[in-house]
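Below you will find the structure I want to go over with you.
To keep things simple, chains are lettered A, B, C and D as they appear, and every chain counts its residues starting from 1.
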């Protein structure tokens, strides 16, 4: 599959927006202006951008910690994101849940719970639910290298395989789970080696190259849409910052960071946009500038919004009450 | 009116809702052609077809997690756990995922988890557990526990229609041990309302599940033998529980015995005793009493299990002590 | 005497036992070179080496299940859960496997599960949970919950030496918020014995964890403002709990306030209220009162979490109502 | 590896003893003389016999429902077994746990909990514990085809691989999990296809041929003893009766049962014993006869023993009390 200009530019926009928001969040954290921790997907923006570019209106996403780009790709605005991080009353979780734990029913994006792996079966079930109702739906379930060690990962992938549910299990192998390197996490060569054990296809992709990913996965997604079954994807990428901003990630060798810094997904996407004639440097700069001001405005607007009212604490524990 | 066992009541409730609403679907281990370990869903595959009734791998977390996904997309999945005990492999899905989603996101999660529980038949430590104490401590869950065939049906109908995750505890001992005449139509029994099974003014027993029947028996014996009138209340829904009925009963009777089949510490009886102590202190003529299993795994041998599990004899004795306090 | 934070107390207890007994080993996510998410075990890898201190994959069930295997072969494994919340993926290992093995087979299972818990810092629903209500309902577990640095050390020493599975709850808010002078030597603090933190005869507060500090503050305020003497009891061990100390305190004070940070229904406060209602009914001058969080997931935003979590202000108000009942 | 006569005969003895005990249990069930259900490993006796033949004194076993032969192979007596099934005071669990839920600390055999998969990490940890103390230990963890779908299976196998723990994960693929056929349980071709995903070796064996299994696995067990690592074994076999005796297993096609009936492990072992010159038919009959009377006597003796005393109900919930 060859990507068209619209998709190419859309991916670039998603990545730029994601980066701009997260840079702001990082700054806010170090200024002491964020309540709680800050966790980003810095350097991993391509996976969410590429999968969102392949997804249709009824598709389901269950993003993990590092997948702000998936949220943005599915339609989350900078405003939604800041409202969430600032715990605003009108944000996606109304201040009840924190940071990356938000979603959007309209966008088919689920708000993750923290227990790693636990959202994969939710993704599988949501796709089953939509398909039961006759909708053409495919799922995109994100998980880290560390998250593949959970029982939930195994149960859910096997369940999807047995029930023929079209879900892309997107493993973002970013070399570390918090401080734990992959050699203390698993012993197979590549995590896609697990695919055979579920009787499904496994595909390795360069997780920093959105264009290549979209081109490689496009036909696969179309195929599982028609012939429903899960597929396991392992995207090689790198967490370019600490687990959270409190973490100096001194346990990561500098050479490894340097190697991936040289392959920054946004730099690469800009180069590809130029090469394909979708946007030259000036056009990309202009886009980045526009996005930056959307992000700046959104932050300011969210900051001015109200916080949740303590009197609402016990409302909505149950639906329908 | 038709005669129905407890198990038939469950089956009828499930069947009625599946006929009513095609978004009700059912899955679990061995529940399709085989009809489930207890044969509750026998015939369902034929009637409702493989899209609505299917087997799953032995993967409780995937079962419950996928039910959450389906429920948030318009279905009303009913998941059968083969035994409640095995639900403990997926507590994070029940508590953190199913029960907290609405509070966090405003999206309802209408799932019903059918959990066969309780002992009395030599099931041993892993096929006899009573887990309501755990589930009632999880914010966002509803917990239902019928004692009679009609309630089994009507509460299941309500559980399935409820927009929240409901733990539906079904007592295995009662499956074939209780029968009653019930109306043909499967009307819902509202959640959150206790049932007064027997009236009386000398003491009240607060109980649920299999212990309702043991309590009624004990109450009848103290009536026959000593002329006491003992009210018996079947809580039916444990979360949210029916505070009003409990408090009115305490006001009327002034003596309270709480009976349940599961462990004592932090069990549901502790919650009821705490409620009474907080809100009906001035109405009591004697200390609240709990008659529960001890904090011990459910033992296998009949001698041990009999000693473990409350029954009419033990309840009668506790009642007499309470009445003569 | 040395000054120690709560976190340093935990570290010191762990270190003392690892120096004492080479069968004490430690594992969990990120606990080796990195020292754990909260840096409790910083330096342990260097001191004790990779055979005794190692990282694990993100596999709570394998971590706890393998600890059971080790414990039954002569080791005394200490498992660090990154957050207590994640232990909910392995409840069957904790409850059905670790806690029931001795009763079933006579083989002791000396494991210690370190579980950072509690809120007050914007952790949101999945990094702030208080789970003692659940653990106390599981037969065969011991449950420990220190409030002070010295107790954190001494109770951990006892937990590790205990031949049973012990849930060691450590309150994250207290890690760096409390300090005290403690002896150099890490003597064990016996399990099952509550601590009287403050004396008084007008009312008693039964509490544990972070709420001990809030309660002491509230007690001091009512002393200063209204001249009341309020006893504060830190339960320290929740299972088995110190019935004698509780009952003596009730006998002395006649008014009881129970305070905890976790949810209300079937929480540990329900158990304490039930105990008092059963065994000290005649000693009460006012109904037992529970001051707990509501049955709500722990919310993130500070406004909401403040409303959610009991604190000195709320406790003071409840105390005044109780004292003036 | 070629098996010697001692091992060959020992395996035959173990299988005959297992069969004789289970036939008695089956009869007792249908006579209404057993409290609770009866679950056997009828037709699956070879796996336990072969692994026990390969095991050393410090090895660890975590048997599942169908592995009475592993208990017997590790030294359990018929008396132990009947005491357990009859809930006798002096039985392995003193009447506290039921039927297959027993073990023996001396034999290195663990009493299973019911939650499938949950004993695999225990096996891994027990081997780690013994090796930490300098003992030469290998583990044998049994699991059914159905049990491989649990999260615990995945977590434990991965954990063992990462920690280099020598454990034989013995999957007994007997085609069904209760009524559920393997096609509703997994979608890989063979369950050993999962081995690669853990970076470990996978071996398929004929689970009804004890001699071939012992010969195939012998070198593997010796190798992992020296170079510690787990190995995944899939033994093809068949559950020749219902899930329990209450189950008429009418969901199993007759042809499938017939095919495996023709490959009954005990018949095969007798033939091999004769072929190898270890025991001719008369000698095997004599052995079977001896075993039968041991079993009969044990049953009678156990039946005469005392039941647990209700007053002991609450003792021993905690160790050291």
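In this text, contacts are C-beta pairs under 8 Å (C-beta built on N, C-alpha and C of every residue); 3 or more make two chains touch, one makes a residue touch a chain.
Here the structure is a predicted model, which is why all the values come from computation and not from measurement.
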item	value
Topological distance between subunit A and subunit D, in contact steps	1
Comparison of A-B and A-C by number of C-beta pairs in contact, larger one	A-B
From subunit C, the most remote chain by mean C-alpha position	D
Where subunit A and subunit B are represented by their mean Cα positions, the distance between them in whole Å	41
Distance from the mean Cα position of subunit C to that of subunit B, given in whole angstrom	30
CA centroid of subunit B to CA centroid of subunit D, Å	36
Subunit A, residues touching no fewer than two other chains	93, 96-97, 101, 113-115, 118, 149-152, 155, 158-159, 162, 184-186, 317
Two or more partner chains touched - positions in subunit B	56-57, 59, 61, 85-86, 88-89, 92, 96, 100, 103-104, 125-126, 139-140, 294-297
Pairwise touch network: line, ring, star, complete, or other	complete
List of subunit A residues in touch with subunit D within their complex	149-155, 158-159, 161-162, 184-189, 191, 193-200
Subunit D to subunit B touching residues, read off their complex	35-36, 87, 93, 95-99, 101, 113-116, 118, 146-147, 149-152, 177-180, 184-186, 251, 307-314, 317
Sites on subunit B touched by subunit C in the complex	61, 85-86, 88-89, 91-92, 95-96, 99-100, 103-104, 125-126, 133-134, 136-140, 239, 263, 265-271, 273-274, 276-279, 281-282, 284, 286-290, 294-297
Residues on subunit C engaged by subunit A in the complex (per definition of touch)	29-30, 33-34, 37, 55-59, 61, 83, 85-86, 88-89, 121-127, 294-297, 299-304, 306-308
In the complex with subunit C, residue positions of subunit D that touch it	60, 92-94, 96-97, 101-103, 105, 110-111, 113-115, 118-130, 132-133, 151-152, 155-156, 158-159, 162-163, 316-320
